[in-house]
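Each chain carries a letter (A, B, C and D) given by its place in the written order, and its residues are counted from 1.
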């Protein structure tokens, strides 16, 4: 190994600018991951990962390679199922008070066509956002009860493609109604485990019609008529999801957005609701 | 100025690998441009520009700054209206046998809503691709009749957002029909000037219905019913555009692609036709 | 005009789900705009615009076409210089308590090469975010003192491309140092007008070296050596910008992010600081 | 099942516009796949897939669901290892003369840091393009020797991120040299199996230095100094790859592009060579 022992560790130099850095780290690290799957126990996919920590005023730089070190150490033990110990290790290796990770990945769920019952795989873009922060209320115990004092937060997110059909267009037209692909993005903080599949189910129930990769003719007739019988604005979608999320006591907080790729415009229609759930456990 | 006279001009070094480089230059240069506008004489927009030349075997590198030099020299004299002299100058400054430029930009056309007659601006992504190559058939005259020997080629392209409504869905369903935003991209080589607006008009005539930024209720009724009365597959769109382009003697060659953002799937439907027009002048 | 008078106005229907929608409106409307320019008074560019309002529990839907109506009415009077009246009109037409607009656009500034003094245009991605909310503290006066009660907020943002050279790489290596293009994104809330150009100037001063579209050989020598003499981590950049922003009493709040497209990795390095400025007026 | 037997099969209707459609099918189908891996036998990843056929003049439309049918039938038998039978089945089910498939996916290769020898996974964007066309020269045998007459073509592509350091900057500067992340995209047609890893190896050998996800301090010193000792233009990279590809008799045709994310500009430098290999078997 080449000698670099006489070189200064620039990152560890004392910094005198007195500026705490909120987040510093690595962005857009591509990584193969394994995710829990309700039907098949697990599935392989590929993630795009950001990992950050805070950096106290007194240090000049963070040590970027350590983020990858910790990521690599968790590879085989299934990163996704161990986000809290992963962040604890990041926090420890980077000597920080907070650690964050954001993991985006496509996830596949088997859909059954409504009439032909043919099965095919639909992709949903998911995101896991997790953070671990020291408990600043009770700082004196930091050194003693380190792990217990750190607060772990986890946000589960999924974007669900659906069909929406415009209620106004149906009402004012003598026949037909414009409809389009829409993307409904939901994020939740929960206090009891929720499957990606459960969030997808809730969103798909609010749609004018679900989307399927593979539809034979009788299926196409079914989805066309179902959507026509069930017109929904972007506003209706976010409200219906809101009503269902408020009824689920596991959900503490959520954000739901719906974006319609309007078939009659070259811009999109959008609606968004963010809420704490006062009904949660 | 700092002295660098004693430094080697690396780019001009003799290269011994005997590899002609087909294209070398700058990519994704952002630049404000002025484009001819059929209704308003001209419009301001912002372009994303690639400029390339070929590099003979014997030179190690091209001179990247000269591409920007030439681009800057054409700024005020309206680059877009002088693509041939622009490429001639690139070719000269870079000492090459070929020069290419690709200019992508959004272009706005005023649309009039079908019933309310309210006007609004719709954006179309355009592309101008031009090249200038020496005539290799008659090389001996190169030094003498330089300009006449160089062949200028120009491709005009525009992507038109439209509504398409599925003929199959309409036929098999008792009511309704799925429809979506589609993007129809056309490129043409012509022998007599064609406006962007003319290409847009041709494509919009093939649509189930045109798209508008602003539609009041009576307009929305109109576009919904028009689309329902006029179902078109992606295949129909490219064929209808093909038939119309073949009738236009100014068009020597064209490519037409249609891509539907399917409302019932999470993937797109696509069709493409590329053709020389044997009817052209 | 086709008769639709007997049709129900679905959007105005009473909604019983009791869900306030935080944001509803149009996304990704493309629109040509004119922006104030410190050197040339104004410049033409093209924007990507989102416009949202809140929607009270009792209404089923918003009226999407009115967003475009208001946008069109402001076109000729320079939308950008009238964001507060624009939002007031959106709020009025949509009958909402809040209105938001987000405008993203490329903006060009003339750069002078450091040695050759050749001028060229560099593009910077900018964003204007504005909102107007009713003053909920003193609601009884809403109808009387409408305008005074509404609170206008404006965030000015710009992304500045710069060169950064790694201090650690320089320190540990016997020669050379890895460097890369970085994007520094700053957003500020100010209490006294600040030019885009002023934010750009501040950020570029923190760089290892500024970026230029056009550099001749003596310029390239200059920027190479300047960057080598001035190594900066992503952490240094956000701290230097923070120190300068804290000294500017016009700035009330800011966020600064730096992202390095690392030349030695296939992922990026990132740092971020968000702060209220306690020194502001 | 709902009755649709009395409905017309619109797609199968006779078309009278006399326009052959070159390509029609599905785009951007997301799908989990398994790819052969030189070191680990296979790896799981996620693909973005386009599948097209030609459509003769006489048919109005293709049958989009059959593309997904065939895709689904190949899922478990490893699509990637059976692209020729896959296309044969697409061609058969769609009753076409040609079939195309384009499969884009991220692929991971373990990299060993040069000094610390720590291993980490680097992502490479890959593309498989395959087509199957009937042999038009000898059409009379179509019905008898169907399979032998169809011509299968396969293009293997990979994009390799590397470090490049500017030879000109190094030469003219008294110290330092600007460098950047570059993306080298190669595509090859071969007559004897080539691993993705072999193409990656060839490209990485031409780089100023390879890229690694994880580098400790001695590694960072190594890659900095190696890049400084080994300056390469975009032009050098495409020529070096060209020279190596021409020596490989398995390669019949190739295209190599290099794009530098210049650290001193906000645009990219680009070079490209496309060639038939006259030395191939």
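In this text, contacts are C-beta pairs under 8 Å (C-beta built on N, C-alpha and C of every residue); 3 or more make two chains touch, one makes a residue touch a chain.
Everything quoted here is computed from the prediction, not taken from an experiment.
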Could you work out which chain's C-alpha centre is the most distant one from the centre of subunit B? A
Please tell me the distance, in whole Å, between the geometric centres of subunit C and subunit D computed from their C-alpha atoms. 37
Hey, how far is the Cα centre of subunit A from the one of subunit D, in Å? 30
Dist(centroid_CA(subunit B), centroid_CA(subunit D)) in Å evaluates to 25
Quick check on subunit A: which residues sit in contact with 2+ other chains? 4, 7, 29-30, 123, 168, 172, 213, 215, 217-218, 221, 266-267
Considering only which chains touch which, label the overall pattern as line, ring, star, complete or other. complete
Can you list the subunit D residues touching subunit C in their complex? 122-123, 161, 163, 165, 168-169, 172-181, 209, 211-213, 215, 217-218, 220-221, 223-225, 227-228, 261-267
Would you pull the subunit C residues touching subunit B in the complex into a rising list? 1-2, 4, 7, 9, 29-32, 43-46, 65, 68-69, 72, 75, 106, 108, 115-116, 118-121, 123, 213-218, 221-222
Subunit A residues touching subunit C in their complex are 4, 7-8, 10-11, 15, 17, 19-30, 50, 52, 55, 60-62, 64, 167-168, 171-172, 233-236, 238-240, 242-243, 259, 266-274
